[in-house]
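Next, two complexes with subunit A in common: one pairs it with subunit B, the other with subunit C.
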Partner chain A sequence: MTPYFAILRARFAAVLQYRAAAFAGFGTQLAFGLVLIYVYEAFYRSSRGPQPMALGEVVTYIWLGQALLSLLPWDTEPDVRALIRDGGVAYELLRPVDLYALWYVRTVAWRLARAALRSTPLVIVAMVFFQMRPPASLAAGLAWAAATAGAVALACAMTSLYHVSMLWTVAGEGVTTISATLVLFLSGMMIPLPLLPAWVQRITAALPFRGLVDLPFRLYIGSIPTERLAGILLEQAGWTLAFVALGRWLLNRGLRRVAVQGG
Partner chain B sequence: MWDTPHLYGRYIGISIRSQMQYRASFVMQTIGHFLVTGIEFLAVWALFARFGQLKGWSLPEVALLYGMAQVSFAIADAVSRGYDLFGNLVKSGDFDRLLLRPRTTQFQVAAQEITLKRIGRLTQGLAALAWAAMALRLPATPERVALIGAAIVGGACLFHGLVILQATAAFWTVESLEIFNILTYGGATAAEYPLTIYHDWMRRLFTWIVPIACVNYLPAYAILGRPRPPEMPAALPWLSPLMGLAFLLAARQAWGFGVRHYRSTGS
Partner chain C sequence: MPQIIVENLCKTFTVHERSSGMGGALRGVIRRRSRQVHALDGISFSVEPGELIGYIGPNGAGKSTTVKVLGGILVPDGGRCVVMGRVPWKQRIEHVRSIGVVFGQRTQLWWDLPVVESFDLLRDIYRVPRDAYARTRAEMTELLDLAPLLDVPVRQLSLGQRMRCDLAASLLHSPDILFLDEPTIGLDAVSKLAVRDFVRRLNRQRGVTVILTTHDMDDIEALCSRVVVIANGQIALDGPLEELRRRVSSERRLTVDLAGDGEEVFDPDAILVRREGNRVELSFDPSRVSAATLIARLAQRHEVSDLFVQDVPIEEVVARLYAEMGT
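And then the complex of A and B:
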């Protein structure tokens, strides 16, 4: 395990150097969060009918999403991207560690470090000034933390699939542009899933993406009882294993045909 | 100076040919941008399906705001790509070379690149506009078409001006300031909904400082034929798109000021 912990530590140290980028990310997320909240406030005021979520729950859901955006699989790790483009894959293959595990850990480290740096100030500001609520109860908070760990494992398995696909496409922007939006929509990041029409919710329930955002967030706000945690963790783990298996299989196929350029 | 359009054509031709070297990636990205914006619109639709209406605005009316914002933003984004790359020119000191050439710096920076994949967003915005016009049964009178055109051009000028301001900051900070994305992307998102839903400070920001409302929300009153609030002069929806142009001219002035303060980073 030691090399993987070393990667994790080095990545945290590196990300902490880019405080200006984190500040810009914080500002952008705050602005988007505010616009979204005004939009929902206006929608809730325009309608008298009962809604599946209270406005206060939606507000907290939105802030959680803005704070934890960098955990979601909508982009690719810049180091791995560069490695694939400039032939650094050759060096990676020489390292005495499993390549899939190495890239997976790089992704986990990168996502955790960015999220830790960006989410802390955003959550503080949102809680103090913009009606973000703490977890519904201590149990809800703990359940959310466990489900978030499951969400990170799942998100990084999906990201690894993008990385492996770049062995074929090299550029990879096309694949990520399309899948990023699908992920953001189907996970609940764009609109909380309970607000979608019933037939769309039946589709999202059959897909892996709700384990990234919707299920953990609703544990936090207390609209899913903590007794369902085990089922949620099982669902996340099942999809994670499926994505890891697919990623490993594709990686092996991709490496058979990888051509390293340069001199 | 008369050969400027021809020269721009040459620059852009080179940029387009280089993008066509990665044809599969280009096609994927264009389709990607079309889908991305399509799904964004799906999200707006889902909210209307749930709540019915938004402070007296219906989905097709909001689709008009959305379509105009998307089309202006796509045009501005496609032609402003050179300014996005401008931070690198300052960092590497390559901006010095631009100062030596017998054309304006703005022309040279802007002509570096045009991003074709924004056609995806453009098409989607136009589709939303067309759907809005059909659903609202808006006849295509010359005045209405002219006003939609003016609002879109005004919006493109405004977003282009924002990108120029963002690049101008690099004269002092060297790094390009991502914090401006709040105004560009945040503004484009905010413009998708009627201005009245936002709090006062945000309304003032988008009317007086970054006049996005003037190229979107205000002209929409005349385009849709909505009853105006009594304090709004009849000519306002027609004149407000000019604010986009004024903003662009102001941004160009700021750029000129930046160039005079430019100190090369050296090699």
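And then the complex of A and C:
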């Protein structure tokens, strides 16, 4: 087994142990989803004009977002955070592996394991009781799955950049406060992007965030045709490469000056 | 050819400081005060394969910094460092394959995993072939008595158990050089002995080069033939343990148990160091008076029930050396 896959597997298995956290997360996301849906229902009832998305599409979009919240790059991996804070980076550098790849792999494992734990019960409950719909078609479902893989790659590249930035700031709170707001709003997590004014959508189209939520979700509900999948994957891959390149460059600079906390 | 060559190694850290209190904190917002700390200020030494070296010095002397440079973690500001023909920080990945490191203050095992899974993970990370891994693991399990610990999650181990597991973990890839950074810190007497015994066997039987930093002078006395003392980022002494003793003082100690109570003990060539009940400890300079003469004189004047001669405890030697160096 390659080192990276071994670490991925071990970390995934470790995160699966945190069942209580997952249960709490499930409860929180269920409550958030319901509140959001009631708000949108009220909007849709009170407005007469035609909307860019049907209410049913919005409901499914919201549930998907709540189910997959842990895949979004709005927080940092607790192990990596602790390593940077208390100087455990030293041990990481003693391993015959590439440090960037090591952190990236850990992040992937952590995000996937948390999402797996939380999304399964949430999707079942939302589909049975709260009008979440299955993918528009089999093709839409497959396209969504492919775009979700692209979204995870991108999300973890962004998260890795936060991790690297912590070599300078030590505490990660500042970075995650800013990133949480940016990511949740610009990805479509807070308000589905089609509901935003056209000029805002022009901005989000030029930014990496819509590849995390909006594009894969709209493949799922069928409002983006599956023919656009290749373009979406390309957009995600381009941004991913950019974030990886930036993260690697910064990591190499950071390691030269790192004092390794605690003597 | 030496296995480790260190020449004129320098490393400077910038420390940001601020005065205490709210005033200091506010001034710190406007202008940060910083100070240069020379953690390593021109260190040179070399190590032959199979040596077991004690690397000692007061807190903040630069011990850990040296270990981190040799381990490829830190990039020095100046000087040369070659370990087994490689420059550690330039060829980090190849370099770390051939070394093992244990930091006493920090575990390299995965907190949530049972010990054996941490070991398996390390096998994958170092790409150790399966049969070689099985052999080494079995050997380590036997030598360090790990069998009852293998299935326990690391967070539930006691410090002594954890250190034994950490030692095993650092050796699973059969490194040629082992760096031990305070491996006995916080351990009880039994665990310390187990660690020392293991390190000695590893060095003698397998020929692994060991560089040991410690504050426990019993570790040094039990294990090391050569001691490197570092203070203020410079090497203060490099040689056998006896040389360290000679350098600081030639004095020896005579401990006498008297038969009678409360007798005054006096000799013109000896100094009374301490007295506890019937036990009297005298310090003398063997170049002025031989142990035999001193004992004879004392036995004449007092009724002696027991006595023994020994060297100054290594702790005291080192404490004096540190004091001499003004740290």
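The criterion applied here is as follows: the second predicted complex is superposed on the first by the 261 of 263 C-alpha atoms of A that agree within 3 Å, B and C clash if a C-alpha of one lies under 4 Å from a C-alpha of the other, contacts with A are read in each partner's own complex, and residues count from 1 in each chain.
One rule holds for everything that comes next: contacts are C-beta pairs under 8 Å (C-beta built on N, C-alpha and C of every residue); 3 or more make two chains touch, one makes a residue touch a chain.
Note that this is a predicted model, so its numbers are computed, not measured.
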Now for A:47: first (subunit B), second (subunit C), both, or neither, which partner does it touch? first
Between subunit B (first) and subunit C (second), which does A:91 come into contact with in this model arrangement: first, second, both, or neither? second
In the superposed arrangement, which partner chain does A:198 touch: subunit B (first), subunit C (second), both, or neither? neither
Can A:206 be said to touch subunit B (first), subunit C (second), both, or neither? neither
Answer with first, second, both or neither: which of subunit B and subunit C does A:128 touch in the superposed model? neither
First (subunit B), second (subunit C), both or neither: which does A:175 touch? first
Over in the complex, which subunit C residues touch subunit A? Could you list them? 13, 60, 64-65, 68, 71-75, 92-94, 96-97, 99, 101, 103, 106, 108, 110, 112-113, 117, 120-121, 124-127
For subunit A, which residues are in contact with subunit C within the complex? 1-3, 5-7, 10, 14, 17, 86-91, 93-98, 255-256, 258-260, 263
Parts of subunit A lying in touch with subunit B, wherever the complex brings them together: 20-21, 23-25, 27-28, 31-32, 34-35, 38-39, 41-47, 49, 51, 169, 171, 173-175, 177-178, 180-182, 184-185, 190-191, 195-197, 200
Which residues of subunit B touch subunit A in their complex? 22, 24-25, 27-29, 31-33, 35-36, 39-40, 42-43, 46-47, 49-56, 175, 177-179, 181-182, 185-186, 189-190, 193, 197-199, 202
